[in-house]
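Structures for review follow.
Each of the next two complexes has chain A plus one other chain: chain B in the first, chain C in the second.
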Partner chain A sequence: MYESLLNHANRRYLRVSLWLCGISVALYVWHDPLSPPNGGTWLGYTLGGIGAALILWLTALGIRKRSYSSAMGTLRGWTSAHVYLGLSLLLISTLHSGFQFGWNLHTLCYALMVIVIASGIVGVVAYQRYPQLMSANRAGSKPDRLLEEIQDIDQRALRIARGMPRRFADLLRANRDGTALGGSTRNILAGRDSSVLMVPSNKGAVSSPNSGQSAALTWLGDELARSTDGELSRRIGDLLSLLAERRNLLRRLCRDAQIRGWLDIWLYIHVPVTLALLGTLVAHVVSVFLYW
Partner chain B sequence: MRILIRSLETEKAGALRTQERALESDSLSIGRATDQNIQINDPRIDLQHARLSRSGSELQLTCTPPAQVEINGRLQRSAILKVGDEISLGPSLIKVVENPVGYDVTLTIERDVRESVAVEDGPLPKFSMSLAEVGWRKRPWAWAGISVSLVLGLVLPWLMVGRGDASIEWLRQSVLPSDMQWTSGALHSAHGNLEVACEACHEQPFRRVRNEQCLDCHANTLHQHVPADHPAAANMTADRCTTCHVEHDEPSNLIQLDTRICSDCHAEPQSHGARPKALPVTDFVSQHPDFQISLLTAPDWKVTRARLGESEIVEKSNLEFTHAAHLNPKGIKAPQGEVVMECADCHTPTESGTSFKPIEMEQHCGSCHTLGFDPAEPKRTVPHGEPALVIQTLIDHYSRRFLGGYSDAVAAADGVTPPGASLSAAARARVLGSATQRANQVAADIFERRMCADCHTVTREGTPTEPLWSVAPVKLTQTFMPKARFDHAAHATGEATCETCHAAADAKVASDVLMPQIKVCRDCHGGETGTEGGQARIASPCASCHVYHDKQEPLWIPVMKKVIREAAVSQ
Partner chain C sequence: MTKVVIAVVGSGPGGLSAAARAAGIGVSHVLLEQTAAHANTIQRYQKGKHVMAEPNVLPLRSPLAFAAGTREKILDEWARGLAAQNVNVRYGAEVVAISGEKGDFHLKLQDGSEVLAENVILGIGLQGNPRRLGVPGESLPCVQYTLDDPEEYQGETIVVVGAGDAAIENAVALSKQNTVYLINRAGEFARCKDGNLTLILKTIEAGKVNCLYSTQCSSLVETPEGAKPYELSLTTANGQMQLPCDRIIARLGAIPPRKFVESCRIKFPSSDPTSLPLLSANYESNVAGLYVIGALGGYPLIKQAMNQGYEVVEYIRGTPVTPADEPLLQSKLAGILGHLSVTATLQSMQARIPIFAEVNPLMFRELMLGSSVHVPKAGEVVFKRNDYTNSFYTIFSGSVEIQVDENDPAKRVVLSTGQFFGEMGLLSGRRRTATALAGRDCVLIETPRRDVLKLLSSVDAAKAVVDHTFIVRAIQSGFAPQAATDELLPIAANSKLNRFRAGQVLFTEGDEADSLHLIRSGSVSVLRSIGGREVVTSYVAAGNYVGEMGLLGNTQRSATVRATVATETISLNAATFGELLQKNPRLRQELEETVRQRVASNTHLQGQDHAGELISFLLKQGLGEATDVLLIDETLCVGCDNCERACAATHGGTSRLDRAAGPTFANVHVPTSCRHCEDPHCMKDCPPDAIRRSPNGEVFVGDNCIGCGNCERNCPYGVIHMSGPPPEQPSLMSWLMFGGSKESVYSKLQGLGRSHHHEPAAIDAPKAVKKAVKCDMCKGQDGGPACVRACPTGAALRVNPEEFVTFVKQEASRF
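Up next, the complex of A and B:
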């Protein structure tokens, strides 16, 4: 039975995280140093140590996830703890800083940490929502199969076009050749169909946007309107049905890539910025004692 | 209805193999799912693609939307079937054929040969539909991130710091981040010129800032935190400057005003070696003893300390003076008529505004308390000085007068010698005698009944013929609270007047001490944060009033000029 990693072990790590945050806040409120709260008071050093240890352990998820034979907890448990303790890190680091920020290396370290946590939150939200949408969209067919179905439709359409004037086959070929999906980050994340169609006209071929087969369907619709031949009209009707089906398949492909893109993109931020954070963290800790 | 299904398969050798299946059902399901009567395992077919059923006497094919089938070359969603119809479903071709005896519907299923003839078959188009395919990478960026941050944030500046001033200066001038990125906050504005010179305090890597770095600049301007005779003085020298003076914080706490640096000891003075009479102090509002004042006391003018509110405090200055009469709102009688006086008439602030100039009789009292004694010569005054000199002045005056030195209307009534007359020696002696008598009378009058007696304590001495008086010397206390800083100018706002703190209008005698008790100050001044007791008042930590980093006006603490510390320290 599917259980979200947020609920793992009866939300054990949510409770751990809340306790940790509660104790930190209580200590921070009680502590009344001679100077304004900062990372250099005894509480500041303690929270900083906890924060640094947290950052290292959170990064270690990348190692645990590749240690297939490891018996040190379950990967699911690690990931559940990763999410909740990662969120608590935001509070602990902020208390460690005493809310003192400026244009310096230390605030850069904090900012990178915030980016990592924010991208992680995007990831958690994405993984709560998108997999279901993806399954519903796929309806049992993987993207490769959808491509095969599109190819099948192209062939059937060309077969039907054999008994029709030449321009129909030309258009169907142009429609097939002008199909363009994905290709750029923007297209993928927007689920954009950037297909084009070279529509024949008396001035030569004109390139029209053919997103969702719109240009092709319009052209066929115009032909149908002009047609006086019953048999031709029937065949045009069949082509229209086929292209409508093709449109649905293209839409499903684009949507699949879009959901996949949103499921993936946060991690492209999360991991590299974590490594940059590690470097900055080391610089932060060393520099604090270098200029003690 | 009774249905016969005949599956035809072409074997490799070309022979046709037939499999037959019969079932009795009112409907026939066709689709990809395994529970369908006719299962066609091709992704183009829906799980429940179509249904064959009886509609009256006809055979009807209905597709489950959005599925469609190709019937006789036409895409349809539903149709009435008759013998000879061909249904193309994916790779399969279903034909409705003549029924053998005993069956209502007969279907043949075979592979659609047209399927194997690909029409313009090309390779599957390859679209870049994942982020990785359009160029997103994790690993190179991760390596770049950690390398750049370590090199620019730590390695390079550290290297330059280690190589010396010229190297780190070069780095600071360049566009690359230098050690200045390691600051954890701005410095206090007093240290502003050190923002670009970290080495001024951070002399050696991994070594805490030492007192020597502070004393590099502050050796001459830094004063003792407390006087050398303070009980805590010995402990103070052991500490690091940075225990109390911390930089790089916001708000800046370089100037340490926290009450705890005082109350840590002063809350329980005796356990830190204080004398038994030292009272505990923690906060101006909640626990602070009433003020002690220093009084000059006649006759030996030793400075004595007295605590306001504890006992009846009198200032023994040997002066007779009543503030109440002088400040009478109806006015006081003066030579020029009724005059309404105010504090500023006698009390002049010093140039700095922090305190007041001493009271001088001639300057402040003389305009009303004139020293003229002879109505015939109102401009002639006795000196405000030694009694013997006063008497001599009187004798001189009347002698000259009686001997005819002046001619005026009154002179004749005195029975004095008119001017120009010559006298015999005996007459002269007699006249001088009268003059001396007159002088003595006037002297008695001004010493005992008016003029001097108005303000001074006078004792008669001498003999009836040669009277003498002695006047008790007057010394007014100039600084009542030398241990604290008080700036009168800062308090001279529109709201506060002299009367706000000093009850002068009620003071009937000079021995009344008009220094305000602590409750007067607490009207406006709160504790460390000013919010104690729920009321918003002026935040007044210890350093607001008490001198720390003592002696000669430290630059960073506004100081009341003329703080006479030594005069007030008793014992």
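Up next, the complex of A and C:
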């Protein structure tokens, strides 16, 4: 009963878009102007007009998206049309240019449009691919709950450490305080766990990378190997399994943030470059008519 | 001992108003309040709560002032009024028995003393008294039965006794800054909401609350030289133990006041716990001189109770007043009053309409206040088939025609003066099963669902008539639209109305098949035993039937059928059904077709491994009683929250939907959003009757909400919340990029290693006026629900019970 944006209304807008492309290509092939094909022929103007109108209409999705009480179709329909007609723009504007590129304002306008469309393609691919991965990674849980579970593990681990030598509680606190996910955009997109651990040693505390709880697990492993006390060994074992669980949770959180990041990041290019595109488009149109 | 003219029991709004009126006109009186302050129920509201003054149209008639405002302001105002009127109040005076008769009542108090009075006004409300600890030492000052503000206590050892929602919520709230023990008499938590169960088990597991199972309190003593001021002795499964503590909070529920009221010889019309005492038009009970006002008499709103307090004193003095609601009724009845008075018109209504005949005049007055009178033109549609309205109509004059056969609009049943219709929608909570058209000179009384249910629970005769009529009409519309009503009477007489609790079995696989069940309300799931395991193979909603295979020749039940929620069915046995088959030759064919479809559907679902699990999951989420539910496909949802923003933007800035919250199974996510239950839990206890159902099925909260929070507590799915003014709008740039965003999970990620304790909330911050908000399915907006319209990826879908099985089939095939 669900219908994705690409399948909306039996792919009505894919068909519209293919028709539009087909007619444009046919006209381009059939058309034989005196000069080499360019934006200044009647077909060039027609394709340019269609392209400019498309750009304005495609931009209007931003407004339609926020017109929450609008009953003009569904947003899914609009987005579906946005995707398919947006893709056709690539062909239409290329035909409009007659493949004449240069270091000028017109080509800048074209380049910006390509960036917008390319980022849009990234978005469509992300939208098709990531929700499923995100759902699988969350496995019915939620990021907030994963965070709570991590805090829970920290408390349980500290309770176990109460009956152990002080260095264990110190290590657990250092492990907790050194945990750092996210932070920078790059870290989020890479799904990097940039945690560090201040490991107590003879020369004072030494900071070591603790991605995936590696340093903490190694430290505990060493302690276990050295331990001769049965009760202490049992407790270290408990701590090891808690930290292993903590590692899994951190991994899932990183992955979740990473996916969310990729679902969002393309918009940071798509939207501002669209604004730039609108500006250069106006300049492109005005300059063309000035030099006419 | 002096005798007063009026003794008022209970200092709620009604009692206060009565006592103040008596004081104001110099009638000897006493106001008996069992606690240490007036208006105990309102004292127990949370600090700063805004109290509303519904119904707005009703004028206030009381010597005490009352207008919407904060709890503190209203209580202060009343305290000033009590002093100004010089009211004779006795605090700490719990009445344990009332004996005697008019002119000579004896009120026995807890402390053994007695009060003599000529008349008694009972205004003790419905809250009841908290169940006591019941051990030696229970009256020590460390024992309390309420918890206003958990933040008040820090660093104490507190014992919470009880295993219900209140005990759990208190224990968890206190555990943040105290050592908390929870005493549970049973071996598990069986009486609480699911959410609280998860919460408490998690809190116990985390070691924040120490829970003692199968444990009972045995005594409590002061220990002045001990480490803690008190010591509680406990009987556990392993023997006795002592628990030193600072405080004991007993949350053992309340004893409903009914037993006490009955001990005063006041009669109730039925054993139904919701039924109300029989009262005269002057609020006098069957015991002469003993009056009942306020919530106990069925009037839960503050202003109503205050007016009654005033009026009842006037009645006792023998100076009758016209009730405060007279002008309201006058305008309501304006169209049909003519030269008659309101009272005379109401009397003629009761005389003409049999189901109202036995209703006491006071209750009928109240019923009419909630009802509306319509004078439709001949041929006008009263309601349409498939409308979701659930009000009840009675015919005051003229006639009404019901189109009983969907396929033949010309076939109509004519109902005449005194008869009623609309009970099918009312009782099942489902869509209207037929269209009703007004006849000539028609005057109709439309009564809202809540008032009718109140009537049916109080007047047995009315209930019997409605139930019988329901059966006849259900059989007619379900199996024999061609048959005349009279022909069906003997068949209806042989049919049985059955009630099943949630989870109860209607019949078991392998049983002898002897009857068919027509589901009148609720829904059932069909289970088959496959490889020793019970697998859900189908779901059947109200308005349909189950067990038909048995009557078509199969002698054994082929599956087990179980009620998913509280369900009512009408069962027809084989002999009765045989008569029906004779009356309607097409029926056999129709039933065979139904069987064919159901078998096909069942085998299809059985072929899919996870279909049963998915149905079970969805039923657990309340789809068994839902009429419309939002389901999100997680493989399509990108988490943009545009659905929530659309909801907020179209509903005054507050979203009624929490997309991320709620459980997920496979790819189907059930967000926290209203299911629009067929018999909505939220509607059950709404004092101003602000929750209604519109013709299209949306359950919505009206503007007259008083913010009491009952609906929030009654909703098992946690989809209603009390909300103040909306949050501030996002900045322009974030609006441009994302349309404004909430606190992101990244900011939390960055804070992970740092602080773990919460900032305490500002305790004395003034509370904004809060009202209940919930999904109204964008009632009145074009294009349907905004959440679905605003989803860019097609992940949001609303499903109703009719589409439920198709939905499961499609989803299960994608696993």
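Everything below uses one rule, namely that the second predicted complex is superposed on the first by the 292 of 292 C-alpha atoms of A that agree within 3 Å, B and C clash if a C-alpha of one lies under 4 Å from a C-alpha of the other, contacts with A are read in each partner's own complex, and residues count from 1 in each chain.
Just so we're on the same page, a residue touches a chain if its C-beta (ideal position, glycine included) is under 8 Å from a C-beta of that chain, and two chains touch if they have at least 3 such contacts.
As the structure is a computational prediction, the values presented were derived from the model and not from experiment.
Engineer: Have a look at where A:Gln132 lands relative to chain B and chain C in the superposition and call it first, second, both or neither.
Structural biologist: second
Engineer: Given the touch rule stated above, what does A:Arg66 touch, chain B (first), chain C (second), both, or neither?
Structural biologist: second
Engineer: After superposition on the shared chain, which partner residues are touched by A:Leu75: those of chain B (first), chain C (second), both, or neither?
Structural biologist: In the superposed model, A:Leu75 contacts chain C only, not chain B.
Engineer: Mind working out whether A:Val288 is in touch with chain B, chain C, both or neither, as first, second, both or neither?
Structural biologist: first
Engineer: Is A:Leu181 in contact with chain B, with chain C, with both, or with neither (first, second, both, neither)?
Structural biologist: Both: A:Leu181 reaches chain B and chain C.
Engineer: Between chain B and chain C, whom does A:Gln100 touch in the aligned arrangement: first, second, both, or neither?
Structural biologist: first
Engineer: Now for A:Ser4: first (chain B), second (chain C), both, or neither, which partner does it touch?
Structural biologist: second
Engineer: Does the superposition put A:Ser201 against chain B (first), chain C (second), both, or neither?
Structural biologist: neither
Engineer: Determine, under the contact definition given at the top, whether A:Arg159 touches first (chain B), second (chain C), both, or neither.
Structural biologist: Once the two structures are laid over each other on A, A:Arg159 reaches both partners.
Engineer: Looking at chain A, which of its residues have contacts with both chain B and chain C?
Structural biologist: Common to the two interfaces on chain A: residues 140, 143-144, 147, 151-152, 155-156, 159, 179-183, 188, 253, 256-257, 260, 264, 267-268, 271.
Engineer: Where on chain A is chain C touching in the complex?
Structural biologist: My answer: residues 1-5, 7-8, 62, 65-66, 68-71, 74-76, 78-79, 126-127, 130-132, 134-135, 138, 140, 142-144, 147, 150-152, 154-156, 159, 176-183, 188, 195, 253, 256-257, 260, 263-264, 267-268, 271.
Engineer: Would you mind writing out the residues of chain C in touch with chain A in their complex?
Structural biologist: Of all residues in chain C, those touching chain A are 202, 206-207, 633-639, 642, 645-646, 649-650, 660-661, 663-665, 667, 735-739, 745-746, 748-750, 752-754, 756, 781-783, 786, 788-795, 797, 799, 803, 806-807, 810.
Engineer: Over in the complex, which chain B residues touch chain A? Could you list them?
Structural biologist: 43-44, 47, 66, 68, 70, 73-75, 114, 118-121, 124-125, 127-138, 141-150, 153-154, 157-158, 161, 177, 179, 181-186, 198, 202, 205-209, 244, 246, 248-251, 253, 256, 258, 260-261
Engineer: Which chain A residues qualify as touching chain B in the complex?
Structural biologist: Residues in contact with chain B: 34-36, 38-40, 100, 102, 104-106, 108, 140-141, 143-145, 147-149, 151-152, 155-156, 158-160, 173, 179-185, 188, 234, 238, 241-242, 245, 248, 253, 256-257, 260-261, 264-265, 267-268, 271-280, 282-284, 286-292.
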